[in-house]
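Structure record follows, encoded as structure tokens.
For clarity, chains are labelled A, B, C and D in written order, and residue numbers in each chain start from 1.
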Amino acid sequence: MGLNLEINIAGIKLKNPILTASGCFGYGDEASDFFDVSRLGGIITKSISLLPRVGHPPPKVAETASGMLNAIGLSNIGLERFINDKMPFLRKCGTTVIVNIAGKQPDDYAKLAERISSLSGVHAIEVNISCPNVAEGGLEFGASEKGAAVVIEKVKKVSRVPIIAKLSPNVTDIVAIAKAVENAGADSISLINTLVGMAIDPKTKKFKISNKFGGLSGPAIKPVAVAMVYKVSRAVKIPVIGLGGISCGTDVVEFLLAGASAVQIGTACFAEPKVFTRSLDELTAYMVANGHNDIRELIGAVKDI
Amino acid sequence: MKCSGNFQIASIERLSSNIIRLEIDSPPIAEQARPGQFVQVRIPGKETNIWPRPFSIHYAGDGRITLYIKILGKMTACMAKLKNGDILNITGPLGNGFAEPPDQVPLYLVAGGIGLPPLYFLVCILLKKGFPPELIHLYSGAKSAADLFARDEIVALNIDYRLATDDGSCGVKGLIVEPFAKDFEKSKSGAVYACGPMAMLAAVAKIAEKNFCQLSLEQLMPCGWGVCNGCAVKLKSDNSIVEDERGFRLARVCKEGPVFNADDILWD
Amino acid sequence: MGLNLEINIAGIKLKNPILTASGCFGYGDEASDFFDVSRLGGIITKSISLLPRVGHPPPKVAETASGMLNAIGLSNIGLERFINDKMPFLRKCGTTVIVNIAGKQPDDYAKLAERISSLSGVHAIEVNISCPNVAEGGLEFGASEKGAAVVIEKVKKVSRVPIIAKLSPNVTDIVAIAKAVENAGADSISLINTLVGMAIDPKTKKFKISNKFGGLSGPAIKPVAVAMVYKVSRAVKIPVIGLGGISCGTDVVEFLLAGASAVQIGTACFAEPKVFTRSLDELTAYMVANGHNDIRELIGAVKDI
Amino acid sequence: MKCSGNFQIASIERLSSNIIRLEIDSPPIAEQARPGQFVQVRIPGKETNIWPRPFSIHYAGDGRITLYIKILGKMTACMAKLKNGDILNITGPLGNGFAEPPDQVPLYLVAGGIGLPPLYFLVCILLKKGFPPELIHLYSGAKSAADLFARDEIVALNIDYRLATDDGSCGVKGLIVEPFAKDFEKSKSGAVYACGPMAMLAAVAKIAEKNFCQLSLEQLMPCGWGVCNGCAVKLKSDNSIVEDERGFRLARVCKEGPVFNADDILWD
């Protein structure tokens, strides 16, 4: 009897619940140097904007305790070059392809969604309304129920593929935002994006990143992410994709138990390109050791103390 | 196929108060390594540092890579405590190496401090390919004698080898750019390679002017394999892949670099 | 020429800018076993409530990457016993004494403030409107401008000593809350309290703490704290006391540069009781090495890159 | 005055696959240590673990403390790799020790696994004070022979010493509570001390009933010096310091404990 690791999220089939986090895996092509990307549950691309963006000037990153700050500034090659240069690889990568989009205003998102959802080989769109580093990137939308709903509604109207709303943790009431995007038609919710942070170097008295503020990611933020996944997955009916600080199979299990139907890994792959396949192997071993045949038995299965 | 895995330290040596020499048994990496490429190194179990650390390959052969490491901060201090047989997690080889010189012109290689390894490796490979040693001039500078290393290895190459230290404790007193500048002024031609601090690279680029000149840059490197964009530096606009209204483009030091043509770099 | 480490915050004099964080230093008496507490810039007590509280049942804590979760649940000995058993020590501890208070409703805060501010030996009151773990503890107040203002106004009306409003980071707009408490009369603002977090043990499938949710503290949250201190200190006129993840003199400098006029150390003293005095020594060494005679030269002195 | 500082490992020994024995030169701690007290240990430079780890003092004398450590998780695995001369950061001695027995009654000491050290120390001190060895019964149990330790040291004390293992690989097969129960049933009086897993302590408390019975508890310990309240456990109400409507009070294992009278404990 084989294990079932397959999971359906809002009509997209994932061969396993481990996806790559946007902005942490380029456009998917670099990883082929290290492992067979078709083993991934899915690839989520760097946020794509209508026009190419250089992003913020260096330094764009800083290391923090069990985490890092980034203010990449949504540096990306833009819609046209993405379609021409990157889609050919993604079309034959052998797994589910989710394209992450970011815009300056709701109409940008709609334009991106319309075009991208019509491409062959794109299975879903993740809408980044939560990037803390740039105006474009939509934290202004992600920070209010109304703003979030407007973007998702517009995108939903034109998209031919399911829509995943990626939420920001930098809010007072994540459940309210989650319900707002659910009502606006989102097929799934992913969270969390990075926490707003800052670091200053006492030696130079300067900010450690040129943009002053950056997004905090990595194991440091995992407890915040697990709490939000738990709250949101109990409050909405659409499936939740969890991320934030995952670096091994045990972390994947923690998010599934909290209520995530799938997960993404970001920062951890910087140090270890093969973290996805290692975590998948560890997840499988956990299921065998604990007598689970189906990944769905783990989702939301946390028990009171 | 690039490699990412655990490898054993074949030898570790403390050369001075702040330099260590490491040989690591890593056949799949050693076989592919080219001069100018680097590896990302992690100490398994040291999880506080979220990123690995990049080190240039000083030499590769017989299934081993050699690294020289300057003790600077947290991770390098930990590395200094390792012993023969300890395990390191290594990803590589990463980045593009140096391009070969266009012709059998005089070669000027300028190393600032810990920038020596990729240049040493380049010289070794060129000599192996039959490049005449008498055309090779290697300039190696550092703060002080304790920061200079690999001297015996270089002397054994029979090339023109010049030293400078800020405090005069070894070689000429002063910046290493100065002897290079003097020599280069004479011929005003040849191929130039340099690796070291940004200010030194800028000076070298200015001196080399319109000649073939390749520089190896340093940046913070969260991933080293091209996926995070954290290491990006500004290059002059060339209508290439990522460009915006601000008139420059970004290139990833880990992927498009670490070696760039001096002409492409946008100096602040 | 001696260094000046003294700083005035809203009329309270601190002999140096390093204070103890509430809930991380008991009532001050335990530390005398390890060092001379009169070297501290000040002692901030565990939150005091009107009646004694046992708090949540164990387990109350969990270790996380470079941080920890706690749901102590404001366990404390209550107002009367605090006055009888703990004030005698605090009165002669040789440094500034700040009593932290927590209530279920605004009137509780007012009662506590009235009584405590009339005690001899109390120099200021810190109002905890930001504890994420219990209804009592006031996150409901700390999460909205209105709620925060109401509590501070009531407290301010009856207090004979300066009031420090301790803010929660679990909000969309920390600056708005900060301005609200400033307008309500707060003499100073301290931030941040803990981030809401959760941890699940895949081995047992249970929550790691009995309360499910806990407050995340320690080095993991430092970047979030620095960002908020920077934002708030630029938006209000009253002095800001910074905390969150400080564990050495360099961290103290980072918070001062970001805009804090003083700092608190919490989680780091668990592992190292003498972290306060060590950090003070390191701060002094930093000032000497960088040619500063007065601690005030560092406040808000961060430079653009 | 309690102590918190860096001390050197005088000796470290791996006794079995999962037990190590440590002697640490720490005169200010050794001088004050009493049986039942513990120290908080950190490995300098290992910052990922935010908390130190508590270990009971097995013996203190000649300026040294001895610890026995079971390799269980992250920190203990790191400790197993330390060498003579390495530095540990130690805070202690912490907590209240055992109270002395009320009289020269038979003593029953029940140790579950790594719960042995504080009981061994107690026996040593009592013997030194002239307590008759023939009245002392020490029961030491563990999963398997590899988890038993300090056997030679105990045999040298000339007390009644009984062993049990879950798998029968050493001593009686079964739980250590069983031989204790059998012996105690006979006299039904004496003083009982125990340290080990909660389930074992509950069983011991039940058997000891109304006799003098002290138990050493374990809890996660963020601080160990009484300031965080993280280690608090429920005790039966006694109108004492922290109490609420739920009919129990909390005591800090690190400060009011780790040793409690069995009577006070509220079993779940």
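Going forward, contacts are C-beta pairs under 8 Å (C-beta built on N, C-alpha and C of every residue); 3 or more make two chains touch, one makes a residue touch a chain.
Note that the coordinates shown come from a computational prediction; the quantities given were computed from them, not determined experimentally.
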Via touching chains, subunit B connects to subunit C in a minimum step count of 2
Spelling it out: a chain qualifies if it touches subunit C and also touches subunit D; which chains qualify? none
Looking at every pair of chains, which two share the most C-beta contact pairs? A-C
Geometric centre distance via CA averages, subunit D-subunit A, whole Å: 47
If you average the CA atoms of subunit A and of subunit B, how many Å lie between those two points? 35
Can you give the whole-Å distance between the Cα centres of subunit A and subunit C? 34
Averaging C-alpha coordinates per chain, one finds the centres of subunit B and subunit D separated by a number of Å equal to 55
Subunit D touches at least 2 other chains through residues 47-48
Would you please write down the residue numbers of subunit A that are in contact with two or more other chains? 59, 64-67, 218-219
Subunit D-touching residues of subunit C, taken from the complex the two chains share: 23-26, 30-31, 33-34, 46, 51-55, 57-68, 70, 72, 75-78, 81, 85, 218-219, 267, 269-274
If you look only at subunit D, which of its residues touch subunit C in the complex? 1-4, 40, 42, 47-52, 89, 91, 219-220, 222-234, 241-244, 246, 248-250, 255
Which residues, counting only subunit C, touch subunit A once they are in their complex? 59, 64-67, 69, 143-144, 170-173, 195-200, 202, 204-207, 209-210, 212-214, 216, 218-224, 226-227, 230, 245, 250, 253-254, 257-258, 286, 301-305
